[in-house]
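You will see two complexes here that share chain A, one where it goes with chain B and one where it goes with chain C.
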Partner chain A sequence: MTGRDLLWASSALVLLACLALVLLIVLTKVTRTVRERRTAELVAPHRPHLLAVASGEDEGGTHRDALIEVDGPARDAVDVVVVDLLGKVRGAPAEELASVLLAHGAVDRAPHDLRDRSTLKRARAAHILGLCHVGAALPLLVQALGDPAPEVRVAATRALGRIGEPTASAALLAAVGADRVVPAGPAADALEGMGVGISGSLRDALSASSPTTRTVAAYLSGEGSFSRSLDALRVALACDDDPTVREAAAVALGRMGRAADVVALLRETGADRPRALRRACAAALGELGEPSAVVGLTALLGDPDPRLAEIAATSLLLLGPAGRSALDSAASNPSVETARALARLQAGAA
Partner chain B sequence: MSWDGFVDGLRTGVVWLMDITSVPILVYFAVINLSYLLLIVLASIDFRAQHRRREAVVETFGGALSPGVSLLVPAYNEEMGIVTSVQALLSLRYPRHEVVVVDDGSSDGTFERLRAAFDLVPIPRQIPQDVPVRARIVDVHVPRDGRTRLVLVRKENSGRSEAINVALNAATEPLVAMIDADSILEPDALLRVTQPFADDPIRMVAAGGAIRPVNGSRVVSGRIVKVQMPKPWLARIQVVEYLRAFLLGRTGWSRFGALILISGAFGLFRRDVVVEAGGLDPDSIGEDFELVLRIHRKLHDEKRDYRVGFVPEPVLWTEVPSTLGVLRNQRRRWHRGLWETLWAYRGMVLRPRYGKVGMIALPYYWVFELFAPLLEFFGIIIVPLALVLDVVNIPYAILFLSLAYGLAILVTLSAMAAEEWSFHRHERWRDLGLTLVASVLENIGYRQLTVWWRLEGWWASLRRKKQVWGVMTRTGFGEAGE
Partner chain C sequence: MTAVDGIRVLVADDDPDIRDLVEFKLTQAGYAVQAVGDGLSAWEAFQEQAPSLVILDVMMPGLSGIDVLRKIRESGAATVPVLLLSAKSRDSDVDTGFAVGADDYVIKPFSPRELLHRVNGILARVR
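So, the complex of A and B:
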């Protein structure tokens, strides 16, 4: 083959590829448009029933029964809408919608679908099991936390959060730091949905090897005021390798610490500590509300970091008469003036 | 020397040049286009899965671990649109965000407009010098209502980078987003773009958001209500260009784990990391590129495990140049910034300690971004010259050009296919048709002009000519309903 032949062949190939791509683009748009139209047509007759059930206005159950009766291609289309709605409603309407999926067999199929080769099917199955609060599927969903596909792992995480069974919390926290990682965001959301039963897992997770797991545990310990984590949080604040974990521990101690934690928090406001940690600890001392922090915070008013000084002033305002009295002695400090001005504006707004 | 002798000499020179360059140039063309295709394939893998996940994030309104965000908005003589922009930013859907506007010594009514609209009052706040700033801070204002999370800092004029550094110093949230005052963020943009930080709070340090041209789209009160193709072909071609280079290209690099460029128009960073790195370099032309490379270098030097990512969902809409003069200035500046930054960080190239960034991304940018216009310019000169001198036959030359530009069109069409498959932001058939036509027209005139402008920028830098930013003449968003 000569150079010219090669050039001809390459040009022809590129031209064909371009035409194929144009065709693909057009076909993609046509297919999507037709599918959306078809789905809308299939769902249209049942939309009043769907809305009635989702809005809790199906007192006699007639609308739900009408949805259960749907069969043929419309059933799948209705199921898709039901799944969407289940993500948006709570309480009795959610239970009614779940009963439609149950009657259509979608819930019974889901455990089987969790082992399907299709990623989409597995993710959807996990989603349905969570939406319908199928507690019996817990072991399968925990197993799905290690699924090769990130989409399935996230769907399983959310499903565990919806089911809300705290026995899954240890596995979920471990999955946050696993090789096939579960993203920390959805994991934290799911753990929040599991209630007070996760306190032991959170405490244990604060000594996990993964800093992401420790961060999630520290954050949630503070959010939920899980006092079982207190000792582990103190250790994390004092000597964790990761600055993000230390900051999360400081915030958590600010929310639920004890008077004894003032010393530890003040120690971390030292000039040799990272700037972000110093600021987090100064804010935490205000949150903690212990008057014993007044002296330490007052010393920070003259810090070269004006942001830290302002946070210290704001924290002193939160410490009641002792804190406000300390601010009087530094009234001309710009950080104090700023904190007071902002407090006045906020008070005026309230 | 006679004319004939000159022509013969020239002919011999052109033949020699073509002989020694034809194979390397063909290989270069093949590799550059194949690399684009590879990036598009990598991007496509991510698109749909990410799209589904982001919807869940939007439904849950962020989630427990969503970090607070400070939106840093430098403003210089923006009196026409600053109030609408700030209102739109304040009303973004997000659990915790503040807007920090830095008035960079505006000579128009930027400050007065903001003061009147938000009832601003001065406070004696001292802005920390977490990042050193040369310009003097004039004063700091906050809204009187005590609730609206807006801070306005006035400073002496010293440029956009310093304005952002001041905003960075004034920011109080753990994440900072640099946003141009004249751009439009989608209402759920922050929910989406912060998702990687919530998912990986330890390692994620920076994320770029996708940017798309707003020209032609319908805007009401600082919100996009209908995405449409612009009327001028110059802007239409840029729509296609942004899609290919910014959306698909950067998603591909992110997926590959070697993203080195986050656009200055919309980037989200961990505040502590930017502060540690020293903030934006006020003397750099490509300050956004320079910052990301500095972060890469620093974190690699410290052997830290970190991630820089890209969020492909369209999140920020910006007006692209609609005149050749403004476009020329922009492209000159971009290429000059590219050259100066690559030169400044040449020490990272092919150094294994910098991982994929040093071994793949930076060499790629040198060879296929920096030198691309030089080689293309060579082709633009040599092929017509060879035709005039009759050293190649016309069908052969046409075939060669068809292949070269055909490959470029193929890449653009692949990007369009990926977009249509995942986001399909342009709903109208007419817009799809226009995009297809623009992908072809891009290669006739536009591409050659940008090649020339990029070389101009590079040349100006080599001659150490002072960079003049020029004025980005904006035609506005065609606001409807106001």
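So, the complex of A and C:
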């Protein structure tokens, strides 16, 4: 076989692979469209009942009962729409919709479906357990945080957030830093949904081995002003190996720290510290609002990092008359002028 | 006849379930509802129908709810009340909505009953 033949053969192979890929995409889209159309056709006669229940216009329960009576292939199709609607409404209509799923056996099947081979089925099962607030499924959902499929892990995370049981918070925080990672955004949302009961888990997670877990714990500690985390945040700011954790700890201390934290935050604005950490600490000192930070922040106005100088100037404005006076008497530079202009704007708006 | 019979409400949401749900709830209460699925259609319908109240989703294809709200506030009918109905729930999102001129902000998942009360309340204040 000559080189030219080889070239033709490989080109033909590439072309065939491309064609197969296009065919696969078209086939997937057609299958999905057909399935959606089929579902819509099956659901159409029951849509008025669905809308009545979901909108809370079903005082006698007639429409809910009609939905419960649905049988055959239409039952699965109705359940798909009920699950969709459940994620969009709250209050009594959500409870009524959940009762339809319960009557159809979808809630009882969900724990079993969490072990199904189909990723879609596992994710949907987790979704249903969360939407219907099935507290008994907590251990299974925690287990699902380690599912091989990311969509199932996210569905389990959201389900735990909806159930809102704080005993799951430690597992969720650990999952953020696990090998089969749970994304930090949905995890943080779910943890916030669990309320004040997560304070112990947050404090413990600040000494976890994963920096991602520590960062999320620091961030949430500040968001919720969890004072039980204060000591661990101070340790993290001073000693953590990971600069992102230290930044998150600085932000949290800015929100919930005490006057004594000014010294530690100022120390981390030193020229030998990472740039992002210095900026986070300068901003945190403004958030903290302690006048004892005025001298330290004023010293940063001439820093070679113009953004840091600007943040320091803005923070001074947040420290009241002492900070404003320090800014007014500081030597002029672009950062100082920006902050002064901002101050004038704020005064004008007040 | 109820006091709201025939009052025109424009609803814009790209989620057909939400659109149908809000339309159903408000129609049951006696409002005349027009529902559209994107921001551009919302703006066109607003100009053509002159609704008494507008309910806008924030995240829509083309023009966002915030864009439509801004256009409404810059138009000749700037005082028409607008309620934002959105899954964006952070404080900054709500702040932005009110800063651009929303009269109310309802976060999804929402209670249809509460939404109706808010619509009734807004219209009672402006009429």
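Definition applied: the second predicted complex is superposed on the first by the 306 of 350 C-alpha atoms of A that agree within 3 Å, B and C clash if a C-alpha of one lies under 4 Å from a C-alpha of the other, contacts with A are read in each partner's own complex, and residues count from 1 in each chain.
Please note the rule applied: contacts are C-beta pairs under 8 Å (C-beta built on N, C-alpha and C of every residue); 3 or more make two chains touch, one makes a residue touch a chain.
Because the structure is predicted, anything quoted here is derived from the model rather than measured.
Undergrad: Which holds for A:88: it touches chain B only (first), chain C only (second), both, or neither?
TA: both
Undergrad: Applying the document's definition of touch, where does A:8 land relative to chain B and chain C: first, second, both, or neither?
TA: The first partner, chain B, only.
Undergrad: Using the superposition described at the top, determine whether chain B or chain C touches more residues of chain A.
TA: Chain A has more residues touched by B than by the other partner.
Undergrad: Does the superposition put A:289 against chain B (first), chain C (second), both, or neither?
TA: The answer is neither, since A:289 touches no partner chain.
Undergrad: Counting only touches as set out at the top, which of chain B and chain C does A:185 meet: first, second, both, neither?
TA: Touch partner of A:185: chain B, not chain C.
Undergrad: For A:57, select first, second, both or neither according to whether it touches chain B, chain C, the two together, or no partner.
TA: second
Undergrad: Touch test for A:24: chain B only (first), chain C only (second), both, or neither?
TA: In the superposition, A:24 contacts chain B only.
Undergrad: Quick check on the output: what are the common chain A residues between the chain B footprint and the chain C footprint?
TA: 87-88
Undergrad: Quick check: in the complex, which residue numbers of chain A touch chain B?
TA: Going through chain A, the ones touching chain B are 4, 7-8, 10-11, 14-15, 17-18, 21-22, 24-26, 28-29, 32, 87-88, 123, 150-151, 154, 158, 183-186, 188-189, 192, 211-212, 215-216, 219-220, 223, 242-244, 274-276, 305-307, 309-310, 334-335, 337-338, 341-342, 344-350.
Undergrad: Which positions of chain C touch chain A when the two form their complex?
TA: Residue positions touching the partner: 15, 17-18, 20-21, 24-25, 28, 108-114.
Undergrad: Touching chain A in the complex: which residues of chain B?
TA: 49, 52-53, 56-57, 59-60, 63-66, 121, 123-128, 130, 142-147, 172, 174, 195, 198-203, 272, 275, 396, 399-400, 402-403, 406-407, 409-410, 413-414, 416-417, 420-421, 424, 429, 432, 436
Undergrad: Flag every residue of chain A that touches chain C in the complex, lowest number first.
TA: Residues 47, 51-52, 54-57, 81, 84-85, 87-94 of chain A touch chain C in their complex.
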